[in-house]
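First subunit A sits with subunit B, and in the next complex the same chain sits with subunit C.
Up next is the complex of A and B:
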């Protein structure tokens, strides 16, 4: 979780266009947006291929070597030999890798050693817990953070501004499990309002169990997004265009929505993507705190049991998620900012 | 131009940087608390009991005069474990932050002063690292290889680089364009010497600030790893690990979980507050000229 408002505060620059991109635009050609999308997609595929190589090597990095990783710790020498033959572990590495890649194209992630079921099934069940947790927290934090940031930026220097700033420092610096345990203790144990362990059964029950984990994750994400929005919106409010818009007698709501929010949109979207990615490790911790059977818990259990196929599978899913988030961020930026659609480079 | 860049275009007055009136109470409290933890680090003998002594008969006790913060499920004294754990809780993040900032500064000076292909390579690598979830990678790598504390520190060090290299590189670029650097070049001062004697001191305050902020990230990430049971060996009185071990019995002795949690949060917040304050002072020192 290394992206907090501090960095944002130091790392924010105003919008700037690059001459090179402008020149590329003048040279014409097909839609710059499409070209950018194509480059990004190729890049995404390259990244995913690189990840499959690393994930493939997990088997060979594991202590005891690949055959023990696949057979489990209690395997006899005969079993190990059988495993070597069955999985072709004596073949050259590149052949093994191609075989692994071939299985991946069939969405075959292997079989879990611990749970004795296809890894895809374990991951599917776990994702049903993790996906709502991530998406709801992310959405809440992005919306509330921008709102809080704008609210405090408009009251810069006030007591409220300083209190919110202090709270963001507190929330961003506290390890997520400490926040989670505190919330669990207050709302789960002392007040006894909400369940603190497990994910419950389906539907409404599940929702009740997810409240505290979502609250924890949102608090941590909110710290970064509020701090960032506060800094960025504060900068925009000082720009001439805002003064000029006010001088023209435009209403406050018009200035805030059409000028401030639109100018802050690209950086806000980019940051919320970065924050979400940085938060993935924290999510593993949150799931552990609340004993949620999500992807993080699946990963930690697999690590404890040396269940390499599951570790490989979860890592791949996370890598795909990161790549997808980055692509979605790019698409949203294109949708929001006409300068980027025209191929002008915007500082994000 | 980034805010850091604006600041660095002017040379801050070094002497007035730290000394000066008006230390906010929050900063004083942060410094005081870090001082207390520093005492724990250098003098683990302050612990009233043996932190590893297991006494099942004393388990689950609340605070008393014998055990100020009570005992954990194995009957170990919480306060003693807290004091004993200060070393891993503080020294490891300190080492991690120092390493991250040292490497970041080196890369930033190289990229920002030499430019050309060196800059291109460093910036590209930094961009790639930026979009990788550090803690997640650390969990997976440490988990798969079964590597210990050292490996987790190395992984987190590498992934702590991007943000710092970006900020510091921008600062170096601002400085490299100033007349005194050009003058040094004209006088025939060698490139490594310019970097060491002109550029590194010039961004010094920003380096120190980044170091403090990096401590916060290091504490959060390292303690998360130990909370998950990765990195620190079992039985070690690490604050993150204490919370993981004691949380199930929170209702028996609240302090066995709350005390290490509070200490972790307080150290991380203190480092952040100090870093922020240093940065603001540094910014003001730059502007006042």
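Up next is the complex of A and C:
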């Protein structure tokens, strides 16, 4: 009945783990991670369903509707009524919601009332600006923050440590729009190196236009990631395992990578996930400062014009992103920390 | 060796760290050098990049009006083009005849093609006009087509428009109505005007790139029937943020800004290398009273508020002098455009005399009103227009002197539009800014004083005023009595105080000194405006 995989797991995990793995196998053969994934997926669907209900109600119960944007300020009541009827906005809310939900089952987010294009296309175009901005900033902040945190933790109490700490406090306490304006003023106006307005066209041109927004976002994120890494790595460096490892003559790089970073990984990944989620909200400001037509701008514009399908579409996509990030964070934590995997087995 | 942490001076760490730092810096510098380049593409002599107040979500004539037409009318050119002197010049229509007050006959220019090579026909004109017609039209310009009974193709190159009643604004309506291709709309449906299905026209430019609500680039139409386009490219950008506008101008990325927010005038005026151009603007800031709601159903209350307000303080304090007092609901420059200027000036002086700031008269009027002890009122304003909030705060101080307490509530645009214009659900006193989108002076009074009009947030109904405005509509544009009828309507309405006209802001543009600007005024977007923004002679 046993498989090669299970035997390998027993070989490396020790007797207790081996027994649990065997028990897990007897109970159905699925790994704890897969079971967790299944459970979380069901939960995610419930969360997303709740999000659609809440957003739908907020959008439809808010005063004003898209008919005013579509018909303009000189519309007659008859014109407004005709437009509301055309888009089914006078139907009972439950009917409108079911229509929306029915379309969602076909991955159809509807058509923007004011852009006259599928919402998925509007979101796709906006994501072409926001996705590189978010992902590159996040990656830069995570990598550079961890590196800086380790660099300063190794020099705890030194002048360099204090300088970096002071700079991170400054960056963290500076509003993001102020950071953006300062960078734009330096690199866009004084040095005339980089453009400050818009997202340019696709490809290389866009990369040039995104440098300052990415730099702005990275600086703001770098503050929190550096400070977190500095504290956590500092704590691990003071643990006995590091002292013993060094006493055994292990190399510095081995100690840093295999012991320090590995022990800090779970917290770092968790923080990175939280930062990524927080960024989705904070990006609106960066997009406004640099006039970027990203997801934040798309949502703000849609709310102003009561473009219901776009509001619902963007919020749903953001909700999905949050759920996915949380799930990925949990899976990564499971992957890097065997204690968590064992925890899942014990929980059963 | 330190027992609790690795020593800072460990040679291996220091060396590697230094190498890592150097490597990171090198990569960063390389990336930056690669990414950086000249941002001065807008400085080409035949490219124009401007900031404008609004870019639409779709370049469809049904969803574009006023300023944003500045882009669309260059692509989907109209039958006639509005001129800075107030006249309409032939364009796609070679000849315009008006055999009767309710009939216009347009003879179309032969041999014109759309930018996709298909022929421009009378059917395209009929289709373009009918996009805006009907009670259920999904068009922001539908109000201007309500007087049209029919549009008929009456010849190979002839279109006849029949009105149900005379309409003084109609010739201007034609000048701001983009002509589209019927066949193109049939092929692409509602997606025409989006970024993936750019609209096509017969005009001097074609759409090159478009991001909804953000940016549009136009390039010359190689097959244009008329004079060569002024620019190799025109880019119109709409940053939402004040600082983004400021940075764009300071960095030299753009060549100017049209219709800037009045709150930013000071910072733009301080920019070196830019010249300011100004003119009277169409919008009127007004206090509107819902005449069906207490206590504003009492004319004495309305009159008390009118006398209590120091409008000049608003011009000076809120607008920094970049506005002029509004004696009535339509600017004098608009009313006088095709009329006896002296007579109009005298009438406006008389109207202004009726709006005196007189606290004693205000107290007296309130004492004889239904609320002699004053009252408290909440005034909604649009959060997108900070001037409205400042106006309410300023007049609040004036009204406090006569016992009226004012609180201000900022609302987002959709909430405000719904409460003020659609539902009439405000407490009864509103400060707003109403603008016209037609050069004819009756446009704004009809919107604000005719029963049932959306701009009539006072729910004002005076049959005498209605009759006068209808009479104006039916009169020939050349009738010398026409302006007098309008002025009489305005004067009659003023006696009822449904509104207190506050001020007309000025309209500005700031353009780099490399360019010469001529004939700039509030209706610049209706003209063939790139011909009035030309690269300055070296």
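In this text, the second predicted complex is superposed on the first by the 279 of 348 C-alpha atoms of A that agree within 3 Å, B and C clash if a C-alpha of one lies under 4 Å from a C-alpha of the other, contacts with A are read in each partner's own complex, and residues count from 1 in each chain.
Here, a residue touches a chain if its C-beta (ideal position, glycine included) is under 8 Å from a C-beta of that chain, and two chains touch if they have at least 3 such contacts.
Only a predicted model underlies this, so the values are computations on that prediction, with no experimental measurement involved.
Visitor: Examine A:177 and indicate which partner it touches, taking first as subunit B and second as subunit C; both and neither are also allowed.
Guide: both
Visitor: Between subunit B and subunit C, whom does A:280 touch in the aligned arrangement: first, second, both, or neither?
Guide: So A:280 only meets subunit B here.
Visitor: Taking the superposition on A as described, I'd like to know which of subunit B and subunit C A:246 touches: first, second, both or neither.
Guide: In the superposition, A:246 contacts subunit C only.
Visitor: If we overlay the two complexes on their shared chain A, which of subunit B and subunit C does A:116 touch? Say first, second, both or neither.
Guide: Only subunit C; A:116 stays clear of subunit B.
Visitor: Return first, second, both or neither, reflecting whether A:288 touches subunit B, subunit C, both chains, or no partner chain.
Guide: Both partners, subunit B and subunit C.
Visitor: Between subunit B and subunit C, which makes contact with more of the residues in subunit A?
Guide: Partner with more touched residues of subunit A: C.
Visitor: Based on the superposed arrangement, let me know which partner A:304 touches: subunit B (first), subunit C (second), both, or neither?
Guide: In the superposition, A:304 contacts both subunit B and subunit C.
Visitor: Just checking: does A:154 make contact with subunit B only, subunit C only, both, or neither of them? Give me first, second, both or neither.
Guide: second
Visitor: Quick one: classify A:185 as touching subunit B (first), subunit C (second), both or neither.
Guide: A:185 sits against subunit B and subunit C alike.
Visitor: From the superposed pair, tell me which subunit A residues show up as contacts to subunit B and also as contacts to subunit C.
Guide: Residues common to the subunit A contacts of subunit C and of subunit B are 62-63, 177, 181, 185, 189, 288-289, 300, 303-304, listed in rising order.
Visitor: Using the touch rule from the top, collect the residues of subunit A that touch subunit B in their complex.
Guide: 1-4, 6-7, 9-14, 58, 61-63, 166, 169-170, 172-178, 181-182, 185, 189, 274, 277-282, 284-285, 288-289, 299-300, 302-304, 308, 311, 315, 318, 322, 326
Visitor: Which stretch or stretches of subunit C touch subunit A in the complex?
Guide: For subunit C paired with subunit A, touching residues are 1, 3-6, 8, 10, 12-13, 16-17, 20, 24, 32, 35-40, 57-58, 60, 63, 65, 135-144, 146, 190-191, 193-196, 209, 211-215, 237-241, 243-244, 247-248, 250-254, 384, 412-415, 417-419, 421-423, 434, 447, 452-455.
Visitor: Which part of subunit B faces subunit A closely enough to touch in the complex?
Guide: For this pair, the touching residues of subunit B are 1-5, 26, 130-140, 143-146, 159-160, 163, 166-167, 213, 216-217, 219-221, 223-224, 227-230, 240, 243-244, 247, 250-251, 254, 257-258, 261-262, 264-265, 268-269, 271-273, 275-276, 279.
Visitor: Can you check the complex and tell me which residues of subunit A touch subunit C?
Guide: Residue list for subunit A touching subunit C: 62-65, 68-80, 82-83, 86, 112, 114-117, 121-122, 125, 144, 147, 151, 153-156, 158, 177, 181, 184-185, 188-189, 192-199, 201, 207-208, 211, 234, 237-238, 242-243, 246, 251-253, 255-256, 288-291, 293, 297, 300-301, 303-307.
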